[in-house]
Structure formats: C-alpha cells, structure tokens
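Single-structure report; data block below.
Labels run A, B, C, D, E and F following the written order; every chain starts at residue 1.
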C-alpha cells in the first residue's frame, strides 16, 4: 500500500471505531461535516476546493488527502488544484510549503492509483 | 462612515504607508498576493471564495472584509457566500462563529453601500 | 453599557440575523454547539471550563466572554476560573497573555453586573 | 512496542536530553508546566481534561497522548473523555477529526496496556 | 492618547490587576516571560526581534506593540524592523498583512512619541 | 539515512516535482521565500533565527529542520539556538514542547552529520 492507500484504510478503520463508541454529539458532527460538501448554492467542485484550501492553510495533511481524493472524484484537473493550492500558499505563507509538497505528491499518487484501477 | 467604509479607508492609508517604506520583499509579496486572485485555471469567483474561506478559518476579520468586497464585486450571491461560510464554519468549528457573525454583517453593509451608490 | 453588556447585545443581534438567513447547515451547527455543553458524562461546570480553556488557547475574546458568562452562571468561583486560565496560559504561552488580561477584566465586569442585578 | 509505548519512550529520552542541555529558562518552563496540573482550586481530573481539550483544539498528537495517559491515571472514564473530546471537536471543527481519531485509538491502546500490566 | 499610549496604559492596569489576584502559576509565568528576553547567549536586540516575529506570525497586535516598544528601546532601526517583519510576512503569508499594517503604524507612533519626549 | 538526511532527500525530491508542475505563482513564492533570508538590514544569522522561531511557534517540524540546517551553516552555536528556542517556548507555550524535543534532537543529528563529513 502506498501512503494514500494507507491513509484511506486507517481513516475508515478509525471512523468505524468512532461510530462504535456511539457518542451522539460526535455522530451528529460527522453528519454535519458530510452535509457541508453536498451541492447547494455552490456545486461540489467548488465546495471540495474550499475544503482543500481550508485544510491546507490550517495545515492538516490527513484533511488535505481526504479533500484531494474528493476533488479528483468530482473531476477537478491538476491545473485547477494547483491554482487552489497557490491561493492557500499565498494566504498561509511559507509555513504551508511542507503541506504543498505533501499535496502535490498526493495528487500524483491519487492519479496513479486511478489509472491503476482501470 | 460605517465599519466597512472605515476598514477600506484605513486599509488604503496603511497600504500607501507600506509602499512608502519601500521594502523590496514586502512590495513583491503584495504583488504576488494580488496575482493569486487573477483568473487562471480557476475563475475569479472561485478564487475569491477560496480567499474568503481561508481568511475565515484563519479568523482574520480584515481579510474577511477584503475578500467579501471582492466577492460582491465579481458577482457572487448571498446564498453562495453563506454556503462558502458554512464550509468554513464546519472546518474551523465554533471558534469561527464570531467571524461568521462579522462576515454576515459585512455582507449586509456592503450590499447596502452598493445600493446607496446607485 | 460596559464592554460585556455591549458584547451580549451585539452577539444576540448578530445571532438573530444569522437565524434569519436560514441556512440549514449553519442552524444545525448552532444547535450542535449548544448541545455540547449540556450535562452528560461531564457536568456543566466542567464542560464550560473546557469551553473557556479551548477559547483561550485559540485566542478568541468573544468566545472567552461567552464562556465566562456561562461559567459564572453555573457557579464556578474566581479561583477555579483563574486555575483554568492558568492551564490555558501554560499550554498556549505568552501569546495568550492579552487574552488572560481580557478574561480577568471580563470576570470582574460580570461579577459587578451580577451584583448590580441584585 | 505499540504507538503509545514508543511515544512514552521517545518522550522520556528527549526530555532527558533537554535537561542535559541545562538551559535555565527551559528547565523553569518544564517545572511550571508540571505545576499547572497539580490539584489546587481545581482537582487533577478537571485539570487533565483541560489539558486534553487544549491539546486537541491546538491539534498536537503528542500532547493529546501525554494528557490521555494522565487522564487514565487519575481515573477518568471513557465516557468522560469522549464528552471532553466532543467539546474539542465542536470548538475546533472538522480539522480536529484526525486528532479525534488519534485520541480514540490512544485511549484504546492505553486501556489495553493497563490491562496487560495487571 | 494615541493608540500606542492607550495600549501601554491598558496593559499596565490589567497587569496590576493580574498581580492582585495573586495566582502563583500566573505570577511565575510572568517572571519567566520577562526572563526570556534578558541578554544571554543572544543579546537583547536579537531576542526582541525574535519576540516580534513570533508575535507577528501568531498575529497578536498587543504582543506586536509590546515587542516594538522594546525593539525601539534597545535601539533597532526601522530598516532592521522592516526586515524582521518581512520574514514574518513570508513565513506567515497574506493573513499577516493586517498585522504588518498595524506594526508599521505602531513604529511610526512609537518614533513620534519618542521624539515628543525629547 | 537518519531522520535529517531523509528530510533533506524528501524535501529536494518534492521541490523538484513542484518546479516541474511549473506554476508561476508558486515559483515566484519560492523565490520570495529564499530572498527573505538573504543579508540586508539584518545579517543571515539573525534572519535564520527569526525563521527558526517563527517555524517553532507555528509548530512545523519540517520548517524547523530546514532552518536548523541553515542556522548551523551560518555558524550559530548550540547555546544561541537554545536561547532562540527558549523564546519560542515561552511565546508559544507547552504545546511547543514536542517541537522543542524534535529541534534539540535535530541539532544533535546535524552536528553529528557535520562531524561525519569531515
């Protein structure tokens, strides 16, 4: 398993454990989180990019990888993702650079994995 | 002058003073910052929303007001802005709420000012 | 009106405006936020202190004032609040000091106001 | 060694190296840090939960693990810890979720290790 | 009173109130904070600039003003301060710009006040 | 390869990939970032320490390691680096401690590597 595949497996396993502990507030938060990216006044492409940029300026690699998976799924191109990451870089500064490096590698891994599935 | 008008006046006055001190690195950063929102692979509407959400999760009222001004200028609707702010709220949590309150008031003030100009 | 009274008035007015815009995700978040402090495995005193310390290390004065209002309401003493704020200071560092100064003044204003109500 | 045991070993080894470099300010900070969690106006259970929630909203896994170790030691139950983590989740937003996943796994590992010691 | 003079008065008044509440941990933290900027392996000029840049990337205007007061006191020039602020801008990104604007205005006010004292 | 050597290799490989994607804004940001540490009103030693402290209070291990490499290169002593890290610890609080532990280990690894090169 590469880094993205490990992330997906770990994320799913941990999310299942969290549902198992059955805390009402936490379960509601998870539903609210999913609902925020469903199409509404804004479409899914835009919302996933908003999630990606928010995750990048707040510097959370797991959140970046999750949103990049979704961004690729809804059909965003590499150039669109780089443009979004550039906004995150300018807003968040050089402290964001390690997460930019992580994100660009993740995009490459996700694209390679999607090809491999075909 | 209302809060938004005061912000615009103060921002412009301070930016002029910063150009006056004539620091090469700072001047270059300001140009890079402007360039990040020019249309490219993503259009201006999307980029301004990315700037808005990044500013909101990082909890900077001046940055929120600046991007809201631009968001209104490029033609985003209230419902689109509320949807973007909702993503920021879910990603950033209840600590973002005071800035959500600020943002909603700013949208109202900017719309009222735009009407007043007509 | 003193600073705390102005905060309460502004907060209520802005929250009413936010309910008015009637965004489903935002309304659900507000309900989830309220529910998090209702007694459960932990009592309200503990939960309000958790909210206070989280707000202090994240350095949000409006959030600090809101939780201090609740802390006083549920019967926490000044010494308990100072002990909680000390944890926030040690975890968050000297960058927290301006918010510690704000919090101590807010406690004094809230106590004075509560006396004035009697 | 599982993840928690590795964390404990690494933490102790690094803390010993830091004491060895013998910087007066750093040594004083470490003492101040320990003192903040000693019982005073608030008991140790409350203070450790404050430390846990502060660490979670500031998104530091090592700090979360350290405070979870202490929380278990002073006798907090899983339900109390989940309730504290839920406050952190609501205050800090979905960006906290990867740290919530980490924390829940750490609780399981710490409980399993405590059983294993018996 | 201008903005800097108001800050100094408010800061002193609030610090006196904090000493009055007489919390041992908080008092020790304040001493530790002062000690960190006393000359040691690094001189005061360097340490004050470190405090300034840390305050700027963490985006705390009160902390920026405090350290700028100290920076001027120990004899740093405007060009040195602008160079330090430029590092903070590049590391912290455009979200730092409102604090850069604040800092440049504060430098001007502090210099004007120092001239006025002569 | 030890941890520092792996960081250097990974950083270089990822930076090359980022140059390859050839995004004008990102490339300009990288140049601006490099330029910020070139000697000007402040010398390289001071600027690298500013970068180190900014990276430490913002809690980015990759950024810490990068600046420590540069700090050693420009000739800063261990005692100077510890003094800078102490300022970061006091400003940023106990949440910085895991990064202080990381930094002290990195200094040891960098010094050992520099000896090994001789």
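One rule holds in what follows: contacts are C-beta pairs under 8 Å (C-beta built on N, C-alpha and C of every residue); 3 or more make two chains touch, one makes a residue touch a chain.
None of the values given here were measured: they were computed from a predicted structure.
Enquirer: Tell me which chains count as touching both chain E and chain F.
Expert: Both-contact set = A, B, C, D.
Enquirer: In terms of CA centroid distance, which chain is the most far removed from chain E?
Expert: Checked the centroid distances; the maximum from chain E is A.
Enquirer: Since chain A and chain F are copies of the same chain sequence, what is the angle of the rotation superposing the Cα atoms of one on the other, rounded to the nearest 5°?
Expert: 120
Enquirer: Is the number of contacting C-beta pairs greater for A-B or for C-E?
Expert: A-B
Enquirer: Which chain's centre, taken as the mean of its Cα atoms, is farthest from the centre of chain C?
Expert: Looking at centroid distances, F is the chain farthest away.
Enquirer: Compare the contact pairs of A-C with those of each option in B-C, D-E or E-F, and report the one where over half match by residue number.
Expert: Selected from B-C, D-E or E-F as the counterpart of A-C: D-E.
Enquirer: Chain B to chain F: how many Å between their CA centres?
Expert: Inter-chain centre distance comes to 32 Å.
Enquirer: Round to the nearest whole Å and give the separation of the Cα centres of chain A and chain E.
Expert: So the centroids are 38 Å from each other.
Enquirer: Indicate the whole-number Å distance between the mean C-alpha point of chain A and the mean C-alpha point of chain D.
Expert: Centres of chain A and chain D (C-alpha means) sit 27 Å apart.
Enquirer: Spell out, as numbers or ranges, the residues of chain E touching 2 or more other chains.
Expert: 25, 29, 32-33, 36, 54-55, 57-58, 63, 82-83, 86, 89-92, 94-95 - these are the residues of chain E that touch more than one other chain.
Enquirer: What topology does the chain contact graph adopt: line, ring, star, complete, or other?
Expert: Contact map by chain: complete.
Enquirer: Give every residue of chain C touching chain B within the complex, in rising order.
Expert: Those in contact with chain B are residues 11, 14-15, 17-18, 21, 23, 25-26, 29-30, 33, 54-55, 58, 60, 62-63.
Enquirer: What residues of chain B sit close enough to touch chain F in their complex?
Expert: These residues of chain B touch chain F: 25, 28-29, 32, 35-36.
Enquirer: Given the complex with chain D, which residues does chain B contribute to the contact?
Expert: Against chain D, chain B makes touches at 57, 89-96.
Enquirer: Which of the residues in chain B end up touching chain C in this complex?
Expert: 59, 78, 82-83, 85-86, 89-90, 94-95, 97-98, 100-102, 104-105, 108
Enquirer: Touching residues of chain A toward chain B in the complex: what are they?
Expert: Residues in contact with chain B: 32-33, 36-37, 40-42, 46-47, 49-51, 53-55, 57-58, 63, 77, 79-80, 82-84, 86-88, 90-92.
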